[in-house]
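This is the structure I want to talk about, given as C-alpha cells.
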Amino acid sequence: MSAAEGGRAPLDPADVDLAVDLCGLRMPTPVMTASGCAAAGRELDQFFDVTSIGAVVTKSIMRSPRSGRPTPRMVETPSGMLNSIGLQGPGIDAFLARDLPWLVQRGARAFVSIAGETADEYVELARRVGQAPGVAGIEVNISCPNVENRGMVFACDPDSSYRVLSEVRPHIPDDIPVFAKLTPDVTDITIVAGAAADAGADGVTVINTLLGIAMDPDTLRPRLGGVTGGLSGPAVRPVAVRAVWQIRRALPDLPIIGVGGIRTGFDALEMVLAGAAAVQVGTVIFHDPSAPVRVADELRDELAVRGFASLDEVRGLAHV
Amino acid sequence: MSAAEGGRAPLDPADVDLAVDLCGLRMPTPVMTASGCAAAGRELDQFFDVTSIGAVVTKSIMRSPRSGRPTPRMVETPSGMLNSIGLQGPGIDAFLARDLPWLVQRGARAFVSIAGETADEYVELARRVGQAPGVAGIEVNISCPNVENRGMVFACDPDSSYRVLSEVRPHIPDDIPVFAKLTPDVTDITIVAGAAADAGADGVTVINTLLGIAMDPDTLRPRLGGVTGGLSGPAVRPVAVRAVWQIRRALPDLPIIGVGGIRTGFDALEMVLAGAAAVQVGTVIFHDPSAPVRVADELRDELAVRGFASLDEVRGLAHV
Amino acid sequence: MTVTQARGRVVSRTPVGDYHHLVIAVEGIAEHTRPGHFVALAVGGADSGMLLRRAFSIYRTSTTGRYGPTVEVVFAAHGKGTRWMADLAPEDEIDVVGPMGRPFALPKEKVACILVGGGYGSAPMFSLASALRERGSSAHFVLGAATTPRLFGVLEANRVGSSVHVTTEDGSTGTRGRVTDVLEGLVDDVEAAVVYACGPMGMLRAVADLAEDAGAWSQCVVEESMACGVGVCMTCVLPVEGEDGLVRMVRSCVEGPVFRGDRVRWDAVGTIPPGTLGAPR
Amino acid sequence: MTVTQARGRVVSRTPVGDYHHLVIAVEGIAEHTRPGHFVALAVGGADSGMLLRRAFSIYRTSTTGRYGPTVEVVFAAHGKGTRWMADLAPEDEIDVVGPMGRPFALPKEKVACILVGGGYGSAPMFSLASALRERGSSAHFVLGAATTPRLFGVLEANRVGSSVHVTTEDGSTGTRGRVTDVLEGLVDDVEAAVVYACGPMGMLRAVADLAEDAGAWSQCVVEESMACGVGVCMTCVLPVEGEDGLVRMVRSCVEGPVFRGDRVRWDAVGTIPPGTLGAPR
C-alpha cells in the first residue's frame, strides 16, 4: 500500500521541515557533503551557498602534508568511479591555519574528517581539531590502513576500531558529535559499528568506498597508480542502503549518516527510510557541483508529495 | 608502455586460440554462463549454440523443490540489478531426470552448481551429481545461509567453507573439477579461498552478488519481497576484478573463475589479466541473450589486436 | 518458437493520447508473431546505466510495408526507460528481442469472445480480434481507462470488433465506471465462451472471477516485472495452479504472459501461497 | 572567476577532418571566458552509466549570435563519452559547466609569441592569437598532427596568425615531422618571448624544454584526467615546482590547465617525485 493510499494528503513543499538535530548539531537540511568530494568547501561555494546545506564534511586530514598516490588516480566505471587519491592533503597545521577558518568564518557547519596511520595520530588530530574554534563535528575516517597492524584497515577490525574511537573521544569536547566512518568491505558491518559505538562514537557514517580494480587497455596492468581504488557512485548505492539498514536493525538508537551513490532526493529518502539521520553526497558532486542543494530540494518534494512534514516521520520507516 | 608498443604485431583473430584447460576440463572458450543466469541452458540454445561456449553453469540446485522468495524479485539499479530469487528450483531429482540429461545430450559442458542449507545437504547433492553421467564440473555455491550456524552464509566463514568443501570433495570423482563459489561480502576473501583450496577445491569462482537493498517509492519499504537482494552487473565489476586479483596474489596456483559484471570482451580480458583461468557472464545475458558468444568473440579480437595467440600469454599478466 | 535478437530502426513514434505508438523496422520478428506475443526492447543506448530490457505487448506487425518487416507497440512513458523511449525519433536504432512468450489460445470452435483492454492493455487485442473473426468467432471489445486520453484504439476497435463498449472512470467517454461494470451484462448478452483481458492486475483478477462465475474461459495477459524475458532468471513468477491442482511459481515470460484466468492464484500474487510446490515449511 | 552550470542546447555539430566542431547555445559562460579556459560537458544523457563530465578547451565563444551566447569546442571521438557526443544533433540538450581553469597568461609587453597546437590542441589558440594581436604582440602558429585530417584550423590560423607553419608526421601537409622540428628555428627567427602550447604530454614536454633552452617562457595546457574539474577531488594532479623550489602535486583543473612549462616536472608526471611536499619517505 502506498503512503498516499495510506491516507496522507500531499503538502506544500514549503511546509516540509528538513531540519535535523544530529547529536546536538542543528542542520537546516540532512544533506552534507561526503569527505573527499568537497575539499574544504571553498570551491563549491561558487555553485551554492555552503551555509545552506547540512554540513561540509572536509577531506580527511592527516597529521603531515601528504602527496597522495601517483596518477592516474581515477577510472570511470559503470555508474561509478574508482579513486586512489591516497589522502593527498596539506596536513593538520595548514588545514587549521587556512581551510577551517575559511569555512567557520563563512558560517558553514564544518564537519572535520580526520585520518591516521596509528591510533596516536588519530588522537593528536582529534585533540587539535577538537580545540579549534567553530568545529561542528568530527568524522573519524577509520577506513585507513593501520600501519601497526600489518596495514589492515582499522574499520576492518572491530578491536582496532574500538581502540581508535575510545582513545579519540576523550580529547573531543562532549558537545561536538563524533562519527566513525566505516568501510563496507567487512563480513559484518554491524559488529564494527557496535565497537565504535561502545567506544564512545556518537554515530557512524556508512559507507566509505568498496575496494576495486580496473585494468588499463594499453598497459594491461591496473589502471590506477595505486593499483586498487575505492568504488563509489550510484553503482554502490544498494550496498550503502543495506549497510544503513543492517546497522539500524542491530543498533536502533545509534545515529547513522548514510552515504554512497546518492544522486537524487529519492536516493536520500531511501537512506532515511533505512534509518539514516542524515546523508552525504559525494561522487555525484563531480557531475553536478550543486548536487547537495538539489538533493535537499528534491528530498523536500519527495516528502511533500507523500504528505510528510518532517524527517522524523520517515526515519527508519522501512523497518516498521 | 602498451602491449603493442611492447613489440607484438597484431594477429588475425582466426589465429587466436581461446581454448582453456580448466583442471582437466577442456573448453573451446573461457566464457561460461554464470549460475542462475542461464537456467539449465535450454532457453539460451535459441540464441546461440550452447555447445560452443566454455560451459553452461546451471542454476544452483538444492535437494528439494523450492518455491523461492515472494515477488518482486528484482530491482534495476544503476548499471546493475538486485535479485532475490531465493534459489527457486525443481530439486535434485527433477534436475537429474530432466535438465541435466538435456544438456548432456545436447553435447554442452554441464557445470552443475549445487547449494545447501547444511553441510550434509551439500554432500548428498555432490554425491548424486558426481555420479550422474556427463557432468563436466561442479560449482559448490557456498554463498548460502548455513542454517546450522545462525544463518551465517557459509562463504562468510572460512571454517564453514572448509567443512563443506572437505566433506563434498571425496564424493566427487577426481576428474570432475570442483569449484567453490565465494561471496565478496567478507573482510578478506583470500582467507576463504584458501580454506576452500585446503579442503580440496580445485579452484574458486568469484564473485557471487553483493548484498544490497533498494526502497520502493510507493510502499516506502524494501522493494524486494525478500528485503535484501544480490547486487550484480557491470556496477560490481571492479569489485570482482579486485577479488580475482587478490586471490591470484595470495594463492598463485589456485585456478580462478572470474565473474561479476562482464559485458564485453575487454571486461573478460580484465579478469584474465587479474589472474582468472576462465570467466562467467551473468546479468548481461538478460540484456543480450547471446552475450556468452559475443564476449568470447570480442575477447578473441582483444587478444588478436594486441598480438596474443592464447590466453596463457595473458593470464595474470597484470601482476608481472 | 523462434526468438530473434535484432537491431531495429525506428520508423515513427507518435503520441496517441497519453501513450506513444512506436513503429520499429526489424528483421526476423514480425513473421513469427502471434497475438499475445511481446517484445523486449533495450533502453538507454550504449553505456546506459539501465541494464534491463522493457517488455511490451506487440500491437501490430507488418511484413509487407515499405520499411520491410515492422513491429509496433504502444507504451506509456512512466519510468526511466520508457521516458527514454518517448524521445525516440525516426532513424534511431533500438535493439529488439522477440517475439516472446506464449500467445493467446484461440478457440477451436466458432464462439463469442470478449476482448477487455485496460489502458494500453488494449494493444494486443486488435490482432487478436482479427484472428478470431477470421476463424469465425465474434470479438466484442470492452475498453476501459481512468480518463479518455488513456483509452487506446477505440476507433480501431470499431473497425475490427463485433461491438465496442467503452468505460472511463471519470465518465469522459462511454460508460462511467470500470470495464467490469459493462462486462457483467455483456458476457450474458453475447453468451461469451472466452474473455480475453490485458490490463492492470486488479482488473485481470476481476475479469477472471467474473468470467469464471459466468462459466466462460478467460485468457489474461499478466505484467510481471521481468529481468530476462527469456526464461532463465526466475524473476517474473506468479502462483499458478496446474492441472494436477498443485500451485507452482511459474515464469510469466515463457509460460505466460497469457494465462488461463482460473489458473492464476490472483489473491496470492506477490506471495508464496502455502502449499505451493517447494514452499518453505 | 565565475563558474556556471547550465543546460545548453546544441546549435550544430560539424565533422571537421577527424574531429567534431560543436556549437552550444548556453547562458552565463561565454561572457566570462578567456583564452585557455575549458568547459566540462555531461555525457550520456539521463540515467547514463557515465558519471563524469568530459573536459574540452573552449575553441570560441560568441555573445552576439542569433542563438544567444554560444560556446564552441572541437573534439575527437575516441572513448565512450565522446562517441556519444559525436551523435549530438541540433536541439539536443547538453549540460555545461564553465568556464573553468586558469586561462593563458598574456604578456604585458608587445612581444613575439608562438602558438603550438598538436591535433585538436590548436582549438584554444585562435582566441589566444586574437587576444595577443589586439595587444600588439605577434602570434605565429605552429600546427602539427600525425596526418592531415588531424590538423585543426589551418585556414583560421592563416586569418588570425602572424605566420603559420604546419607539420604532419606523414608529410601529407606542410613539413614532414613534428612541431618541434619547425619550432626550433622559428623561436630564433621571430625572437619569441613566449611559446604557448596545447597537445599531447610528450609534445608539451618537448616544447617546454625547447622554449627554456631558447630563453623563452612557455605556457602549456595539460590534459590530466579529471573527475570533478572544479578542484574538489584531487584526481588531476601533476608535479609542479613552486616559486620556493618545492615540488607539489598540483590540481590541473584549478591551478591549471595552463602551466608555465618550466615549472612542470614533465619527467615525473605519473609519479610522486622524491622530495615532493608530503611524499612518502
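Annotations for the structure displayed:
Order of writing sets the chain letters: A, B, C and D. Residues in each chain are counted from 1.
We adopt the following convention: a residue touches a chain if its C-beta (ideal position, glycine included) is under 8 Å from a C-beta of that chain, and two chains touch if they have at least 3 such contacts.
Quantities reported herein were computed from a predicted structural model and do not represent experimental measurements.
Contact with chain A and chain D alike is made by B, C. Contacts with chain B and chain C are shared by A, D.
The geometric centre of chain A is 33 Å away from that of chain B, both derived from CA atoms.
Inter-chain spacing, taken between the CA centroids of chain B and chain D, is 46 Å. If each chain is reduced to the centroid of its CA atoms, chain C and chain D end up 55 Å from each other.
Touching two or more other chains at once are residues 47, 49-50 of chain C. Multi-chain contact residues of chain B, defined as those touching 2 or more other chains: 78-80, 233-234. The touch graph of the protein chains shown is complete. Against chain A, in their complex, chain C makes its touches with residues 47, 49. The touching residues of chain B, when paired with chain C in their complex, are 36-39, 43-44, 46-47, 59, 64-74, 76, 78-81, 83, 85, 88-89, 91, 225, 233-234, 283-290.
Residues 78-79, 234 of chain A are the ones that touch chain C when the two sit in their complex.
Listed in rising order, the residues of chain B touching chain A in the complex are 1-4, 75, 77-80, 82, 156, 185-188, 210-215, 217-222, 228-229, 231, 233-239, 241-242, 245, 261, 263, 266, 269-270, 273-274, 306, 314, 317-318.
Contacts from chain D toward chain A in the complex involve residues 1-3, 5, 42, 49-53, 97, 224-225, 227-238, 248-249, 254, 269-272, 276-280.
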